[in-house]
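The next part holds the structures, each set out as structure tokens.
Note that subunit A is present in both complexes that follow, paired respectively with subunit B and with subunit C.
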Partner chain A sequence: MRALLLLLAALLAQPALAQSALAQSALPPAPYAYRQLDDPAQEKQAHDLMVTIRCLTCQSQSIADSDASMAGDLRSEIRERIARGEKPEHIRRWLIERYGDWISYEPTSDPILWPLWGVPLLMLIGGAALAATRIRRRGRRNGRRGRNGKEGAGQ
Partner chain B sequence: MIAELGLAALWMAAALAALQLLFSVLGLAQGKAELLSGVRPVAIAQGVLVLLAFLCLVALFWRSDMSVALVALNSHSAKPWLYKFAGAWGNHEGSMLLWVTVMGAAGAAVALFERALRRDTHMATLGAQAAISLGFYAFLLFSSNPFARLDPAPRDGQGLNPLLQDPGLAFHPPTLYFGYVGLSVAFSFAVGALVTRRVDALFARAMRPWVLAAWVLLTIGITAGSYWAYYELGWGGWWFWDPVENASLMPWLAATALLHSVTVLATRDALRAWTVMLAVVAFSMSMVGTFLVRSGILTSVHAFAVDPERGSFILALLAIYIGGALALFALRVGTVREGAQFELVSREALLVVNNLLLTVILGVVLIGTLYPLMTEAFGHKVSVGPPYFDRIAGPLALALMLAMVAGPLTRWRRDRAGVVGGRLIWPLLAMLGAGAVLGVLAHGRLSLLSFFGLVIAVGVALGSVIPLFKRNLRRTPLFVYGMVIAHLGCAVSIAGMASDSAFTTEKLIAMAPGDRVESAGWTLHFDRVAPLAGDNWIAMQADVSVSRGGAKAVLHPQSRFFTSPPTTTTESAILTRWNGQLYVVLGEQLEDGRWQMRIWWKPFVTLIWLGGLMIALGGVLTLIGRERRGWMLRLRKGSAARGTGEEWA
Partner chain C sequence: MKRWLLWLPLVLFAALALMFIGRLRQPDDGLIVSKMVGKPLPEFTLPQAASDRPPLASSEFARGRPRLLNIFASWCVPCAAEAPQLEALAAAGVPIDGIAIRDAREDVDAFLKRWGNPYRHIGLDARSQVQIALGSSGVPETFLIDGQGRILHQHIGDIRADDVPGLIAKWKAAQ
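Right after this comes the complex of A and B.
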């Protein structure tokens, strides 16, 4: 059954049911939407790809964990292509060509995404450097104070 | 009548918050004691009035008064009583009213019970608390009035979203809100201390119980939310890096860092400026989370408000409070004297590492959550999801775990690296052993993250209990037990996560009644499927007999259809064993009459939430251990001991 289009639930529930009835009668079926591939290695390949493909009609769910019809169709498509021996990355490129970057959770090497890696790295290095210099400065001052035999707060 | 009473109480509470702010500011600026002595009574009255307003809203939902727009939109007379009750905050206006109510109550509690703090800092804190409340009162009264009437009144309401009709969800948002508000109190303490230039151990000890309590509630809220997503969404996932989940994770990360730095400040009087900064960040993250969820800027499974006007209102509040606090921080940070000193090898330094890593993880979650919005503004839609977060936050979290083992085994102020290394020998050996065993037994089946997750979990589990070795267990303070249990909980939780991602078995199959299937050593027999009616739903329910070895049980997964509003949900059936969970979902019926079944065996998945609860329990024990003495003294002395109360510092 359809489920979980929480925000659009009221609006979508009826059309979605109608659509699925239509899909069953007119459109090509999605045989592998809820069926695994027989070869476990291929199924694992398909699964690893599916968890990184966004369900476009849901919110923040991958096609691997959605009941939406779009997710089911894509699962079936992916499993069939894997069964035919296509490489997962090839399938991903095909999906991105068809639906845009939005569909893939897997970060690309597009320069627009560099800050995603750069900012945390800078935070880590900058923060570590700052903390280390401060602690070392304190250490030196402690040592000096120790020699002078003075006590009390710093600064 | 009840609605009007509620609205009047809300307006009066808002007016009192304004008065509280005024008294505090004028009193401190002009040094007038008579003005300052008005702050506490006003804060208490404000708390009582806003509580009254909230109770009015609950009463309206309880009576299903459909002449109130909010009730008509979000409730239905046929709803079970629990959801009538919880429906009061299962919507935008109601949840914001809950927010200010908790804030008002917290303000009253600070006014009533806080004795350790200096009087001027105390009054400045209450002033800051009033300033925050005021913004939220304005938000409620001007853009989200929960008491608006509907004329003519409809015959019945539209009902509560079925996904929210779940006992877990009835209490999940309030738990998180209590946590957020607890952080707002910490924020007010920080602002108060900056205003009076008293950033010291005394202030840290006054702030610590609020941080701890907020952190415990956030931990429980996130753990419960994760379990809800796990059993309600029907695909066995327990964390989706959904923006709304991230919105609750970010304050938790900041609160975790704050909890540790405030301990350094309270115990060693070090990290003064940083602790204040973290208190500002922690509440900012609560506000950012509220903004993300409430503005509808991210439409996601949890968000139930879509209204740009509200979004800009919260954004304005966000800018005023965070901007104001940061400006105050910038102005006053020069007057915050450097605290006590410590060496590179010391517990303080390891807690700095803890804070650094938590802050970077927070940065990762923040940028990952906001980045798609930013690129979308430039016309390029991208998705940032689990692959990014797992890859970058995962290793950082594991590094944090290693620091967590070393921290409690290192002395305050100064220690010797060799000595600390010697204390770490057993956890290190345990990790080596676990790595070797896993490498042989599960060679090639584990992802790197799962492998290191399991290995480090073993080391952390052992390392976290070492602080209890060679100690008189009876005389060990409660807060040490709290720390040990919370750290052990981290190991338990990480082990569960790694085990789930590494060893889960999935089976998707179409079955007719009478069919039998085997998966992961379990035999499942599909006995029958039959319709079933509930209070406000109808369902198809399957009977599935499951057995493994001698163990037998019957599971009842359902596919539920709610009539108001019309929605279908899957109710998974979960069998919990000591070593994992069997998770069965009934899907759609196929044309040939068979039913889709989804079956997972998830070894040790329950450890994820068990660990979360242990972490929360550790927080509770620490809270009791640290504050018991103060509470007992306060009880004994009663109101006679009103005054500065510095003796309990």
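Right after this comes the complex of A and C.
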């Protein structure tokens, strides 16, 4: 019983600790910054979006990875919008309207990214062409050797 | 085998090397410029942040006179550093409104008492919602809003002494 109480006390103390670690602000974090949505399907939608949104404070992390206050505020904003039924791609567009493509880790279909999409295709075609010519050449050589062999047997 | 094909890897390598050198020589200042510059100010109504200043709503900005909108916080050190420059702007007649990010009333009051209060209105943005709607990525940032409520200019980071004349000129040009 006492162990249980201690455990409970430790659990209760944890948010206070987390808060003092985030000394950037006097306020408690936004409601859904560190809390998942109750509906697992909605939480999955929110999480899938959050891992592709760049943190504005720690610019190489996603907001799902970052402990910055602003990342927490953005997580809460995204979760609440998804809970209200907004589509993840709509939220992404809203953020890109404000911060530019920079904020999204998801590559877009803008002309500047055409090489990114095109290069794998070109390499695939190039590789296939290379393989085709080599196979054809080897086939020809094998054929020649075959004839040579027959000639040899005839001697 | 065509001869020139042998040179292709070297040419590709040279092109990549040139690109790397070019990009490495460009400074990475990490500034994220808001895409809202040139667009109308998003609509918002914020509660009061300081005891002796009225709260702030976006409707304050469409009244014919350009104003500065300063994003700050009592917990932000560069915001204290830019306080004298905001005072200088206010003394030059530039109306300044503030938005305090993730702040508490007593902290804002103490901050203004210590560093000065150049603001006409101060709104409290407890969860950075207005900051995000503005495309602002940190504190402090300052926006110049024209008399029709359109965002004309974004100043990222603290306002230094040598930024003040430029900001006054921009504000005058917006009249």
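Simple rule for what comes next: the second predicted complex is superposed on the first by the 119 of 155 C-alpha atoms of A that agree within 3 Å, B and C clash if a C-alpha of one lies under 4 Å from a C-alpha of the other, contacts with A are read in each partner's own complex, and residues count from 1 in each chain.
Going forward, a residue touches a chain if its C-beta (ideal position, glycine included) is under 8 Å from a C-beta of that chain, and two chains touch if they have at least 3 such contacts.
Keep in mind that what you see is a predicted model, and the values were worked out from it rather than measured.
A.B. asks: Quick check on the superposed pair: does A:P120 touch subunit B, subunit C, both, or neither? Answer first, second, both or neither.
C.D. replies: first
A.B. asks: Under the stated touch criterion, which partner chain does A:Q59 make contact with: subunit B (first), subunit C (second), both, or neither?
C.D. replies: In the superposition, A:Q59 contacts both subunit B and subunit C.
A.B. asks: Is A:A128 contacted by the first partner subunit B, the second partner subunit C, both or neither?
C.D. replies: So A:A128 only meets subunit B here.
A.B. asks: So in the superposed three-chain picture, is A:R35 touching just subunit B, just subunit C, both, or none of them (first/second/both/neither)?
C.D. replies: Touch status of A:R35: first partner only.
A.B. asks: Between subunit B (first) and subunit C (second), which, if any, makes contact with A:G100: first, second, both or neither?
C.D. replies: both
A.B. asks: Between subunit B and subunit C, whom does A:I112 touch in the aligned arrangement: first, second, both, or neither?
C.D. replies: A:I112: touches subunit B, not subunit C.
A.B. asks: Quick check for you: in the superposed arrangement, does A:L74 touch first (subunit B), second (subunit C), both or neither?
C.D. replies: second
A.B. asks: Using the superposition described at the top, list the residues of subunit A that contact subunit B and also contact subunit C.
C.D. replies: In subunit A, positions 24, 59, 100, 102-103 sit in both the subunit B and subunit C interfaces.
A.B. asks: Under the stated contact criterion, what part of subunit A meets subunit B in this complex?
C.D. replies: Touching subunit B from subunit A are residues 1-4, 6-7, 9-10, 13-14, 20, 24, 34-36, 47, 51-52, 54, 58-62, 64-67, 100-108, 110, 112-113, 115-117, 119-120, 123-124, 127-128, 131-132, 135-136, 138-139, 141-142, 153-155.
A.B. asks: Considering the complex alone, what residue numbers of subunit C touch subunit A?
C.D. replies: Those residues of subunit C that touch subunit A are 30, 32-36, 73-75, 101-104, 107, 126-129, 131-135, 137-138.
A.B. asks: Can you tell me which positions in subunit B touch subunit A when the two form their complex?
C.D. replies: Going through subunit B, the ones touching subunit A are 161-163, 233-237, 240-244, 298-304, 306, 337-344, 349, 352-353, 356, 359-360, 363-364, 367-368, 371, 375, 380-388, 392, 396, 506-510, 559, 561, 565-570, 587-588, 591, 596, 598.
A.B. asks: Looking at the complex, which residues from subunit A come into contact with subunit C?
C.D. replies: Contact set of subunit A toward subunit C: 23-27, 30, 56-57, 59, 69-70, 73-74, 76-77, 95-100, 102-103.
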